[in-house]
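Below you'll find the structures, each written out as structure tokens.
One chain, chain A, appears in both complexes that follow, with chain B as partner in the first and chain C in the second.
This part shows the complex of A and B:
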């Protein structure tokens, strides 16, 4: 009993301060925007006439588009308290499936359908095993990571499958008002994802399931069904990503999407989403993707080697998580 | 107002190994505050979980507004108009106040949350609860415990609940907040809402309650008592009149003397306990009696260094122990058998032997390699001395009964050669037959010169086992006396009435 404590009514100054700071996620978004601005300045200085061009910007965004779409799905999964290690493997499997001779026989519509269907079904299998099989997300998606890529190798015989329909490849080269279609797809997926997360009951319940599953259950949420749906959503995002990547490379291959799971998880984490679930921001995740892509872009423009680039990425992840811990402590003080 | 709103008859709920409810009756009328009283373990929490649809009863009938119902799920209970405010607040920290209140019953069109409407209704609910200062957009994780409770109540109101169950709502509230809570409750009951109110504080029940039902050992022992006029002594008698007697070993004939082993002086932790001082001599068993939440476990953990004291000192054999350091406390000769045995003390998948030698491993190690045979032999000797069953120390600890698991924890500290043993709820989850054996073991330890501190929420256990008893209420030691000079009623009076109204003269 806490009779010895001072009155603990939420006093007005604390609430005002909380409102001014906004949520933890938004505060850190500001940090990521500052990092992006700094990177832009570095780019303008180190690669004058190369970095700050319309062409390079569109190129950068196109590079970010596939991993960005995957990261949207990953954000939902992590906020709901899960993890999806199988996203890269799902992309590989979907790209291979939609580029088999049989699939290609149905034309562009059939190919897109095949990619989306395969990815959605794999996501549903992940979700069903986790939600109804009561297995740990890490284990289930790790198993899927191995077996989905294995299946992709089996189907393709480890050969790249060339896309024969020129209309399909055009997905990667079409432009809408001068902006590459792939970038437009990323923008649409991100906006739809943001609305779903922040403006719908589905989004609110995703936070609830990840933040306190028992409270969600007692409130009357079907936690298992919701968990299943979140992994299905991740699968759908992978399907979209598979179509984009297949068009971009004009091939379906079992080697597509290598290490995408790590890039997506890293982007979500530095975007301020708690790996333990319950708190997170989709805007942060997208900013995270942009930070990583910009670093890669800068290194390429400056002819620097990938190992150094990877060291820089690792350092950023550690710095972001340290920041997250500090934010949590500050949060605790206001209790 | 004589018609019955809720009538529960002969409710039985069994869990593996225990009968939590052995036949509970409860009737609640519209517009009343019905108080549920009982000691820890009497079945109050299980009963409200049955009422909330979180547990399904094995036997019994629930009549809700005249028709028989079975609440198969929390949703079903809420749909009937029964809302529960749990002690561990069931809120999502990462969501806003408004989102928490309307979680799973959002104002929404086609899946889109109608934000403005949600905010307006939230503001109205919070105003009704006397807290217009809480903003609907604030993240719940940023609120104080009292603020969270207001949100829980707003949630109950948002369901248009006609029966609200409150599980120790005042436990997290400061004094003026309790006044506000009572004002809200009076407003609700005036509108015909019934409240089932659980509290350990008798003075609150006198102030807000209409009728009282008393539970003991999973049964209703008295129903429909008048909350204002029933004498305290009668209520306490109903709560304690036990049917089970334990065999306690005889006490030391002479009071312990000699220099104290453990001396605690002025120990304070903000919000948990204030100015706690006591001493333990060799061969002495000191008992701390108090309710859950009174601060007794926190005191023990602070003495052990698992929590850092804000003020005060802990000394072993006259030398100060570095505060906030478990290794320092262990080096000084303390051992703790914590409250949550499985979570805090045992490696459930490991063997008995591995658990027993966990604190003494370096003794069996050469250049970092553990001499497994020597460790096993030492563990076997220890478990044999404790008459542990099964005898084979290679068996996994998870296969042991509660009493034998407790022996493993005690054995670990005996092997270490500890001088002061701190026992937090040593018989929780230990069946009745094994308890007497554990009591005898603790007494034997004391006779061999170990100082023992026992914390228990079961008053008879403290009184039967300890030589000297400290009564803890609201984070203070309100009374200290030889166990032989106290009885259960006095101790319960002390812990329930709180520290303010009692002086030593009143109880002796």
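This part shows the complex of A and C:
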């Protein structure tokens, strides 16, 4: 694919530099892996016979699956120098849209189509306003965050719309070789995302646009079109997430995806992606999601109260970032 | 990514066509009409003592309906008001911003309504404006979330959060006894921990169980939404390899809890008791084919009663069966336990 790209030649130097900067992000993952190992040790000690079980692992991954898929899209947006505050609202809107009685009348295919189409269109609107309307991503997606959830409330009448088609709920029950389908979807999205980010022109352009949009433009990249596509990609991820969450909860509701934007952004940042763009790691983002999910899982297995959970969560996030910093400095010295 | 020019043109054309088709199909998909027609009103029993009085106008203000319960509060109030020929309802747009709700109530005062029914988003924040209404001679019915001063309302009507916990605790204790389970594992999925109502519910549950010599084995808060309900419940199920009974505070959140239990495959292991009283849960109780055996009411039908009280206040009448000539200062609705034996009589007030 890369070889046939006519655009490769002119923007190659910028892209190469961007790719090199981008790969530095991977070095930070070590810190997160250490945190995950520490959490696992804590889990094994505090919840013996519960934490380190196959069932709990699958459950943990299932819980991480929806936010994980959303985080993949968010990683692209942030690396490209943007931000998407509307992901949770898009999930709410897509889940509500695909579970109205009219949508449910079309069966499982119609429902999935509705969720995907709505989320993709909303992502495209975000992208078009940012890229061609020259508006700040923060403002555009904040506005979308408010109005998409509003529209979801309007359509659903603020009721939880229960899915009546058992085939749809089955998405959350199905297993592929003993692994829940939702976890498989996360794995597929993550792998496709990784290849797209690290092995294609699209990915290298994403780094370039986020690193220095002007340089990218001078190198012949259509920055606006690329920005639009990145938000569409985030929308697509939200659509997949909405289908997964709707199956998981067996309902579409305007309260779905509450605070997902914060969870996803936090996972991306903790995963070593620069909030200013141009540098980042998809593996880090996924590790970030796993760290957060594991923390919650540990708390629930130990039956800790909410306030204690919140205090500890904050402390662990700071500790994880500090660990990463140390790792970074050591890398900086050795290289 | 780019291709020869002619292909791009054709692709654009096709994409445009697909977009238009998608748009048309999607617009059709927003319809929920059969559900609306079914409309659970919760105010079906026509008021017996509704002898027509002087025509009155009642102002109604509630928070934005961000979940099923509050949505039902508003629909019930509107439905109840329609049953009275002598009543006009002035309902303001729901809001979760106290400042906006204050200005909505002020506009109702300016319109000189005959009585006000207020479910404040935040009781403390709305107290002053309610006092203002009372001072202007407009009687205020305070619905569910209490003002901080008794001067701010004539009557308070609300649900019994502590009583909900007690009803759930008593039902579970009785079931455990009937099943002869000695030291049962009882799990509680609460709502939002920083709300007082959640703390009250948990306190009632804990104390009722304690009176039967039982205790809560595990308790987690799930934030009142279906998504968080699923997330928390799936992990609580992992944490407790054997469960005998589960109380979930809220039926909306319960949709997610129910999904999590089904996904874990542990559908025959324990009984589940709901909270609030949604139609979905009542249908499950009636069918009696699932693990959902009961729900304890915190029913949004109370807004209908609040409208009735407001009407009586405006018409300066009392409750005909009571000796006093005035409306009581405080009414707390009873948290009934809905089981398959009595579910039929409660189905009409189950909220969607």
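Throughout what follows, the second predicted complex is superposed on the first by the 288 of 335 C-alpha atoms of A that agree within 3 Å, B and C clash if a C-alpha of one lies under 4 Å from a C-alpha of the other, contacts with A are read in each partner's own complex, and residues count from 1 in each chain.
FYI, a contact is a pair of C-beta atoms (placed from the backbone, for glycine too) under 8 Å apart; a residue touches a chain by one contact, two chains touch by 3 or more.
Everything quoted here is computed from the prediction, not taken from an experiment.
In the superposition on chain A, A:306 makes contact with chain C only, while chain B stays out of contact range. Contacts of A:47 after superposition on the shared chain: chain C is touched, whereas chain B is not. Counting the residues of chain A that each partner touches, chain B and chain C differ, and the larger count belongs to C. Of the two partner chains placed around the shared chain by superposition, chain B and chain C are both touched by A:201.
Of the two partner chains placed around the shared chain by superposition, neither chain B nor chain C is touched by A:152.
Judged by the touch definition given at the top, the superposed model places A:215 against chain B, while chain C stays out of reach.
In the superposition on chain A, contact of A:278 is made with chain B only, not with chain C. Within chain A, the residues touched by chain B in the first complex and by chain C in the second are 5-7, 201-202.
Of all residues in chain C, only 1-2, 22-23, 25-26, 28-36, 65-68, 70-71, 193-194, 218-221, 223-232, 234-239, 241, 252, 255-256, 258-259, 262-263, 280, 352 touch chain A in the complex they form.
On the side of chain A, the complex with chain C involves touching residues 5-7, 47, 50, 53, 55-56, 59-60, 62-63, 97-98, 100-103, 106, 110, 113-114, 117-118, 121, 153, 155-162, 169, 172-173, 201-202, 245, 248-251, 253-258, 296-297, 300-303, 305-307. Note for the complex: chain B touches chain A at residues 52, 54, 73-75, 78, 86, 90-95, 99, 103-106, 108, 111-113, 115, 133-135, 137-139, 141-147, 171-177, 270-274, 293-295, 474-475, 498. Only residues 1-12, 14-15, 18-19, 23, 199-202, 204-205, 207-208, 210-212, 214-221, 274, 278-279, 331, 334-335 of chain A touch chain B when the two sit together in their complex.
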